[in-house]
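The following pair of complexes shares a single chain, chain A, combined with chain B in the former and chain C in the latter.
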Partner chain A sequence: MSTVARATGPSRGYWTGFVIVVAALAAAPFVLPEFWQRFATEILIWGLFAMSSDILIGYTGMVSFGHSAFFGLGMYGAAAALLAVRPPNLWLAMLVGLVAAAIVAAFVAFFSTRLRDIYFSITTLVFSQIFYVIIFTWTDVTGGENGLTFRQPPLGIPGLFTIPFTRNGLHWFVLGVVVVSYLVLRRITQSPFGMVLQSIRENEPRTRAIGYHVERYKIVSVMLSGLFAGLSGVLYAIQNKFAAPDFVLFLISGEAVIFNVMGGIGTLVGPVAGAAFFLLMKEVFSRVFYEYYLIPVGVIFTLMVIFVPQGLLGAWRRQLNR
Partner chain B sequence: MKLTEKWHDELWARDMWWSGKTTRRKFLGLSAAAAGAVGATMLVPAPWREAFGQAKPYKVGVLQPLTGAAAAGGKTALVGTQLATNRINKAGGINGRPIELVVADYESKPDVGRRKAEKLVVEDKVDVGEGGYLSNVCLACMPVFEEHKTVYMIGVCLDTTITTSKCNRYTFRPFDYAPSQAMAISPYLVKNLGKKWHIVFLDYAWGQSTRDAYIEQIKKNGGEIQGTTGIPLGTADMTAFISKITGSFDGLFAIMFGANAVTFTNQAYDLGLFKKAKYAGDGAVAESTHLAALGNKIEGFVGVNRYIPVLTKPLDTPYHKKFFDESKVLLKQMDPAGPDPDRYVQSNFEAMNFLKLGIQKSGFRGREDSMKLIEALEGMEVKESDDFPQGDKLLRREDHQAFLRQFIFDIKNVRHRLLDVVSRDKVVVPPACSFPKA
Partner chain C sequence: MIPFDQILVQIVNGLVNGMILALVASGLTLIFGIMDIVNFAHGDLFMLGAYLGTTSFLVTGNFWVSLLTAVLSMAVLGLVFQAAALRPLLGRDPLTTILATFGISLVIQNYALWQYGPVPRRLPEPVTGHFQLFYVEYPWYRLVIALMSAAIIGGLYLFMKYGKHGIWIRATTQDRVMAEAMGIPVPWVHTVVFAIGAAMAAAAGVLFGPTVGINHAMGFDFTLRAFVVVVVGGMGNLGGSILASIFISLLESLATIWVSPAQAVIVSFVALILTLLVRPTGIFAPTPK
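Right after this comes the complex of A and B.
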């Protein structure tokens, strides 16, 4: 039912809404209590992770269950840089995290894109489990089950300034990275390259028939998606100052799929809204229903799939992609 | 009824808390009591009024996995915390102030654990932290407590690095760790069971560090290690790994816990491994809470543990009997089978009592006095008593690691039987911690 977005410019209303949402997120530290402020920052990070998986799920039509590997490798790459270099350097951590995620994404993409549909999903799941087992058991390097803990790097530009992150500062930094990532991904999905990805999603044999090298596009799509998932892993490491193998487990990939379904696939911002909705729902329900909180979460998810299959923002998909 | 964060709804806690039901009789009674209290407050001199005014509860933030893979262990561990709290509150609290537990379920996940720790210190504004079951979650939460200058008294986490390479000034471990356990049982293994050993371990951080500690101590006591076999955590079918355990050895030493221990014991027994070698291991292999699942397959197992639920000498004290009986009542509310208390119940119970003594000694009023509490706890020595039924303990100043006696036991008729007691001074390991500057 989905259609390739028309390459018309976005409306003024869209940009007005965009500015209002970003301004509200930027103002969040001033109005939210300390815990919820930190939680909002975490939601932004998971939102970026969800957005990255939307490139595959929503735009290329490939459901990946290996996204946790990209997130985790970004996280461990950043951790390695923060532990190896004194004093810890933010930009180096980001660079190493992104390179680690990109290498893994290239490796996974090379093998998994030869397959389609459920076979692609299973292959990505297998790869993420392989990386999980390696990280879990290679204790000397990765810390094994205990993971790695490290100090938060300061924000700085060499030669100009260096200041430690405050809680507000970290929120704005994460918000800046997420907004820039969104704009970049939006530009990519609306470019001719993005149109080819959507064409693959709609009809892969026809895309191939008109002369596009589908496998190459798929590889780049996985790599692009993996790169931004890695970036979210880096941000998570910087915020929380630890890396753990649990983040490489396929369950994290499953959460990315849930974020997409709840928020609206193929919209980029939908998965961010889905992540926020899902995480808030879990946090609030766990305070009300205690250890039974997953039951109402599951019921609501099921009801959403039945009654709002397009997700929270799915109805505005066409407008959001203009 | 199962234990939940609404633990104050449990039968055993009802006399500590308002039940939520207001009857006319209760209302009139409470009104009269309130009127009396107001009148009395007006009559007493100002300094006393101030003292009464300080009787707000100490908020203790408790982190346990009540859902997820470690839920069963987390709920058992919580029983120890609750038992100690019941007793403290019934005795009038600490310095006249009751304890209020704020329990957070971390779902057996480190990211959730970290978030919940943040919630406890930032939103609930707890005075101290307690609990923790999974080592990776404890390690993820330790920096949160440190950042907020809050004392964190760990209840179960066994990973060695908590009080060595990753130690911090705000974290205390009031129970033993693998290097001490290895020192305790290795002489017994080599002297009584055989010189040649094969070690089977869960192949992740805790299993690996514990394996290394046992290898070192068995060799130090004149034994030999014929081989080691790592089994990934959560492996449902271990036969492929067990089949690889070949060669000539006198004993098989298992480093396992929970469902993994049950799986390994069942499958190794079925494959006849225990006919050719004696079976020994970490005490967690044969915790009382899962002895029923092991049945007679665990018969003859020899292990080391800081706590075993037996009432023979030297554990036939009134302190232990009281702890044992009261724990059984609470455990039965959680599990109708009514398991005996295990080391998770014991260590959380004693962790709370360490906090009690530290608060009493330091005059701790709240988080602003954390450093006073730390200084009171550092080097604290406690004697076997109602508060410490396991025995005497030292909470070492240098690394905040406790040292205590160890029990060597075997399993006979699906029950623990005490074989030997290793005194505290024989299990002291040199400190390997340098606290980072606060």
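Right after this comes the complex of A and C.
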């Protein structure tokens, strides 16, 4: 199916839709009230997080239940850079966050990719719990339960300009990072490398028989996914000016899976839509059910798993992968 | 060096915790073995069982009656969950069932938080005496827990070996299609297995309740530990899970001599990862032919 799609190239309709959505997101700060502006930025960050785990769930066919480890390490890496270096530097924070996430991802990938299916899920879950326990109990370095707080770094290019982030500035910065990440991930999934990942999902023994080194591809896939999850962690840290152990807890990994299933796996944009859908539901239901919003959300999620396994955007999966 | 009696006390602790864990994990492995379902909500069934025990205790005032009511009501709830959420997923990818049970887990956890509040509930010990174990006053009740768990697991073993449903369950685990051809009502067997698993989790929850404050988040710990046990013991292998429960709990208990209980969990995680790398079929399982 995909080879045909590659031959014909992306359709005009797809790019029109893409431009409209990005333009709408860019214009969002002008029309939305203050609360929803922040909300839109948050959707983008969680959307990037969801997209990163789609590489594993949707394209390579491995469900990671430990994505919070990468998110959290990105967060704590950024925090470390922002606290250690004066004045705080945005690019350094991103670099350190990404390196931290990449190291953890390499470590997790090395062990977990030897396993398949639920064993992979359980191993990633256990690894994220290990990092959670380390971060939670190593109070001297990580601040333990209280986490770390820091000041927001300004946006700047050394020697050229430095401006502090405004609410809109942050939104556009996040939008820029997310759009670039999306285009990069899209390009990767359509490259020969991405095709191999999808063939692992469809038929692993055959992929191996053709001569691909499946384990190596899986390791790279986990690392790639972890890297972008780390990037979303960095963005979240910059937006909220703190790093907390709660974000390494397995519930965050669970949310990544929920985003994917709700939005539609294997589409990259589906998980972003899933994140938006989830956060909106959370917002609406917390006004009715307060902190128990996960009761209706959990029910809806379970019903979707049973009745709409392809997710909200799953029906357009082919068009979105052109 | 570490005093010898400290090690012995931790070994007793490990054995007691291991029996509780075995009760939870054997339900999980039974469910996995027969339905290929990784029940993410298993720890939450354990937690809900403990809460049902407290509710029943408020009404009846008797611990053993509460244990019985909690077990029976969780068995009924298990029937309902299986029929409503898991039966439609039969034959789909096992990963789908992880997702569905994860959703159920969220619902149960937050329902418990809503119904019982964030303050931990206490369940009084039915046996209050202590005896001298080296340097500590060791509660008799902890030994009662271990014995009760052993009795329940023994009962399960006899049921599986001689009971009509037990034989059906073993047949279905071996070969689902053949069992169906022989006239065994396979969908009903699935539902019963889930109910048995839920009931055992509830029994473990009520028995474990008096030793800790019951709170809505305690289920996840047990889910995770039960996963570790089930993998170390070999997926779907009942005897292996029981041995692995004791093994893992002993490891954790001994680790608490050096590190805090929160960090001791890492020891069992490392055991899991080593098992998966060295012998993915499980340490306590026979080598597959």
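In this section, the second predicted complex is superposed on the first by the 312 of 322 C-alpha atoms of A that agree within 3 Å, B and C clash if a C-alpha of one lies under 4 Å from a C-alpha of the other, contacts with A are read in each partner's own complex, and residues count from 1 in each chain.
Everything below uses one rule, namely that contacts are C-beta pairs under 8 Å (C-beta built on N, C-alpha and C of every residue); 3 or more make two chains touch, one makes a residue touch a chain.
Source: prediction; values computed, not measured.
Because the two structures share chain A, they can be overlaid on it, and in that overlay chain B clashes with chain C.
Looking at the shared chain after the overlay, A:V261 reaches chain C, while chain B stays out of its contact range. In the superposed model, A:Y119 makes contact with chain C only, not with chain B. By the touch criterion stated above, A:G143 is placed in contact with chain B alone, chain C being left untouched. In the superposed model, A:T41 makes contact with neither chain B nor chain C.
Once the two structures are overlaid, the count of chain A residues touched is higher for C than for its counterpart among chain B and chain C.
Using the contact criterion defined above for the overlaid structures, shared-chain residue A:V299 touches chain C, although it does not reach chain B. Contacts of A:F111 after superposition: chain C is touched, whereas chain B is not reached.
After overlaying the two complexes on the shared chain, residue contacts for A:S253 are found with neither chain B nor chain C.
When both complexes are overlaid on chain A, the residue A:V133 reaches chain B and chain C alike. Legend: residue contacts after superposition of the two complexes on their common chain; A:S53 is shown touching neither chain B nor chain C.
Clashing C-alpha atoms between chain C and chain B turn up only in stretch 134-142, chosen from 134-142, 152-160, 170-178 or 278-286, once the structures are aligned on chain A.
Chain A uses residues 133, 136-137, 291, 294 to touch chain B in one structure and chain C in the other. In the complex of the two chains, the chain B residues touching chain A come out as 2, 4-6, 66-67, 71, 105, 107, 109-111, 114-115, 118-119, 122-123, 135-136, 139-140, 142-143, 159, 161, 166, 203-206, 208-209, 230, 232-233. Residue ranges of chain A in contact with chain C, taken from their complex: 63, 65, 111, 114-115, 117-119, 121-123, 125-127, 129-130, 133-134, 136-137, 250, 254, 257, 261, 289, 291-295, 297-299, 301-302, 305-306, 309.
Against chain A, in their complex, chain C makes its touches with residues 38, 85, 88-89, 92, 94-96, 98-100, 102-107, 109-111, 113-114, 220, 224, 227-228, 231, 260, 262-263, 265-266, 269, 272-273, 276-277, 280.
Across the complex, chain A meets chain B through its residues 33-35, 38-39, 42, 133, 136-137, 139, 143-147, 149, 240-242, 244, 246-247, 286, 290-291, 294.
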